[in-house]
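Chain naming follows the written order as A, B, C, D, E and F, and within any one chain the residues start at number 1.
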């Protein structure tokens, strides 16, 4: 069999060797199946979180588990809304259950650290709850050797990178749905899956500061995107991907290696204070 | 009986008169029982969300329901962590259940609009899920007359106000826990409950960009606050309170009155684009 | 800050001092938001259970946590029915969840005894289940130092008091909804919230010995009360309040102090055998 | 096949004939598997509720479904406590689920009225919740043709009967666990299952007015009974059984037959006012 | 009291004596209330699993608990479908809950081995899940003294018996619903409950290899049986009953007695390899 | 963008075109992450179910959704047991939730038929329950235009194929875990992921006819496979794959096309009677 960072490609005996090191790290990408406008595929979030996990795993010698490919309901303010065809979602209890089960299963097998790499805004709190419940189930408490980390990849985009990717100013993560960041990353990583000729330019969506349910469908632009992807490029995607993978790998390495001497109290990298 | 905007003070017959108008609005404050450092009381979030709801209700002729006084688990990055004594929390399923039940109960009684006024960062997604499930239970779909709104009061602080409250730059909402905003508001609204002599100054907490569970307790400052409250004043609190109540009331009035002519597709106030 | 028996008023450090005694008692009032006829406010049950808890806390040096302000569904035989506007309820699973979370949260913080003080008939069994599940989660078994108590305040009304409050005979607790007991207590504790001029006299409701669902709405009197409040007085309310607070405080003191020498096997007070 | 009131004995085609009348009534006995002292079998509650259901079914031409043979956890104040071997219980969510499923299943088949005949004190509120949720699932609202009734058989014991069964005064239903009522009924209905020679006499248990968890085991008498069964007799059992079956059948007949002319608003029998 | 293998007939003290041996085995029959054609009663599955449990208990000195009398939804491919009147079912969560509660309750009381004896095809996986969750709750892990077994009685029918009962070839367990096996067993064990004159002969149902929902009702034969019961006889029933009870008792004895010397790794009987 | 049968590769607008036909079919592969011995990767079940879905989709013009990549707990009798490292599982409630959410989401979007293509034995009943609950939520009843199908791919292996793949006789599906069928299919479809040099030959596992929990670990062969993969070949894999894809596509075409004239009552293919 080929070497692979993907857990699904390993046989059980090869995997058990990894576990026996006592230092195993399993990254779980979390995405969504969600409309991303006319120019990006439904699987964008799952694909991107998987690619970030793969990049980090290659640097850390970690493994990448099968992604959680369906995410929490798209909210109008961050994803256009769950009423849009193509958006196929899990409710909160189910996503909590998936995260809880995976944490319990991996920690019970002896994985040292589980890291959720999130690529869909709305997932975060439900993953957090699933992790927390799993640790309660297992009796894993502060000071334990095993740990679970949860992050969204965009939180590792540096100020420098942001300034280069958005020379006219950054519109905010919440409306980065089918916008310049995701489109550039896709152009770099999966160009055959991007339809730049279908891209529709226009002003960013202006949404209320409250969530309203049921949604007022007309508030979502017809494209389903909350900000324009005009100005996207493979070069920006490469910059984003490289910088994030590098910083993410460095932070994780510092955090999870520091285990050997007890958990660090100082933050892993200076960039935390950004 | 006195006039009151608080639902708990009304008798059932007076309440039914309000319902019979067909335009009733019920605001539900949502807070927490959570450590807020040595200078603020455990009930800070519930108290503040209740006061914002009261202010808005007075302007709109709306009612304020009993607050949801216990919130979702405090996370280290936004509240210091759930391991700190004084922090008394609900898990995700329970908070979802509370929101779901209240929405169903109020809409079944004929309330036209329910508005959750949130004052504890970690609650938001679970309230959203509770609302969404309730509307599914009830079969309330886009175009319906009834609606539910969800907001956090700090999202209505304007750029102007922010610049005045934080003359040295705004540190970010996530670490505004026991900091200048909450302390100033408490000094304005409930000065007898603030112990300014117990306030501890110091640099803001610098936390990783990931959540780690179980938490590394040492990463939370000893005070339990994530940023210093030094520089707080009743005057800043008054400014914050007045501006937010005014904008919030205006946005809600525009949003919910526009009902009569069908839901608006343009956002209620120019400030949305901030 | 002022001294207060209310947990929400304490800061975390003051609260931790209480915990450090090893003898802390936290009382949790449990009420409802429920129609109580034309003369009593919707928040009657929450208000009364909070006041009983406050009275007992003052005598015992205990703390009072934020009330559980929404209760289980009103049943026709004890509260007129859940179909009546103003009655805003939680389902069983949610109320169980709230009680379970609060018990776990408080006992994990080191609270020695948690006491639920119930003021809404229908809550009782769901609170019991929440407590029982929490203790199973925590592994707290007979012989443990920590305990949870559950009671309804009316079970501490003595035969003597009953005879004075109901000189013509006591109609039974189940139909004491908006009747002489609750009205008298409100007249004593919160007279501005009682509309005696709106009180409607009439015979007590006569309901079947079974519950029927869906309810037959006409079986509930138009007032929503199951027995008349005629004959209520502030003096009766004062008698009720004083006697119950005194007995309740005495029973709890005997029960929870006896801890030091192992749990008592004899009942705390002679009145148990009433 | 023999004629039988027991649903389990009917074949599907015979059952469908009953349904086709449009007037079918299905009674569901609900009991427990619970210690009942040294003289009564563990299945006492299930057996008694089944026999009451059978007696009523014979009079009404109704059917008796399989009993719910495991009940909610025994509470110390009403059943001695769930820690006693022999007591084998369901938690609240499961009992709610059983009731909810049975109501949905029977009403979906076209049963006109479902009647739960309860024989274990602690079950009541969980059955109620299961019924209420089922009706919400089905959209059955006030005015519907179908209904569900819930009752405990002891609520149909008349004052006359009580006076004869307890010539020295009635100790109260809560501590009637393995006492004169249950023992007399068993002596009448199932004498071979009663071990009168093993009966232990003694004063009734005197328990606090609160529930305490975890229980203090010593508060339950060694027998597990809360009141003495001395004075029980088959004659008393026969009296109890006959009077209750008669009144119960009469009340149900009046309630469920009145359907034809719309639901009655006056209570079925004068005894309601007892 | 009479001797009995039925737990419901024992008093608590007699039961505790059994527990004190440290070798107690409790068998739990699991059936259904389900249409079984025009010739068999609705309670067939519960009755048969109870009789198998009784037969085995008599041989092993084990006890038989009250059956789980309602089962998981009938599937069209194995039971004709859940849409057929007479079929009264639990959903998955509820059946999981019942099994989980019973396992926890019995193991907590000190029962050494719990054995579920299943008589309704669709129950199996939900019982398995309930058992697994209960053992997780209790912390019972490989190597523990206590265990839970789960089996369907038809898996113990030997090849020899099959050949005799189905001389023209065995049609498969899935469509053995109201067929020769169940009918013969009923003719042997409960002849008064079988209506052989109502039996309808005909070819076995031919169903797709997929499940389809909602069901296409016409695919189930009008009788509700998936294969004909023609050819059933009490003699076949006796053969089936005796052989299964004997093999089942032998396997359980070997399995559960081997405990004393540690669990066996070799399978109990040669017939395993059938 | 390339043409693709994979939903994740489509953009939302292309997907909506498919939906607008009114005849859309979405296939959802369901697998597991599970040890499959030393010669097959952990992702075998997910990979195989995905490939079968892909093959069928190509023939039917259907779409393939992201697979459910984690399955229900491995049982010792069919997968070696859930205690084996590499096996990473969901509990029943979570898998039910995933299936329920996906069915609701797809049917709400207007998908005409959803087909679950299962590749992991233990998943089946939980998927069934998820589907059934979703249809209840949606109110989809017999006669509806939309439907959901559930199947395991091995149920479409014909007798002819079986005889060729297992010339010495077929050992049964339950112990086909890492055996000749799965290994041959992998050799045909994904040869680089098979380590034939690591294959261990030996007799099939002989397991009891009951499930025992906690498992007796020694009963599972050291390889984790329940039957030997010796005799596997890419040619057998090709035969299996082609025959199953062809039959499955034919059955689905007949079943789902017959919709236009109302559902068929005769089974789609003669092979049903195998």
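We adopt the following convention: contacts are C-beta pairs under 8 Å (C-beta built on N, C-alpha and C of every residue); 3 or more make two chains touch, one makes a residue touch a chain.
Being a predicted model, the structure only gives us computed values, none of them experimental.
K.L.:
I need the common contact partners of subunit B and subunit C, sorted by label.
P.N.:
none
K.L.:
When the contact pairs of B-C are compared by residue number, which of A-F, E-F or A-B has over half in common?
P.N.:
Over half of the B-C contact pairs recur in A-F.
K.L.:
List the centre-to-centre spacing of subunit D and subunit E in whole Å, with centres computed as mean CA coordinates.
P.N.:
Their C-alpha centroids are separated by 28 Å.
K.L.:
Roughly how far is subunit A from subunit D, going centre to centre by Cα mean, in whole Å?
P.N.:
55
K.L.:
So which stretches of subunit F touch two or more other chains?
P.N.:
Residues 91, 93 of subunit F touch two or more partner chains.
K.L.:
Based on which chains touch which, is the overall arrangement a line, ring, star, complete graph, or other?
P.N.:
ring
K.L.:
Just walk me round the ring: subunit D, then subunit E, then whatever comes after, in order.
P.N.:
One full turn from subunit D through subunit E gives D, E, F, A, B, C.
K.L.:
Help me check something: in the complex, which residues belonging to subunit F touch subunit A?
P.N.:
Where subunit F meets subunit A, its residues are 1-2, 6-13, 15-16, 19, 33, 35-43, 46-47, 65-67, 69-70, 84-91, 93-94, 97-98, 100-102, 105-106, 109-110, 192-195, 198, 224.
K.L.:
For a test of understanding, state which residues of subunit B touch subunit A in their complex under the given definition.
P.N.:
It comes out as residues 72-73, 75, 82-83, 91-93, 96, 115, 122, 124-126, 128-129, 131-133, 135, 140-144, 147-151, 155-156, 206-219, 251, 255, 263-265, 267-268, 271-273.
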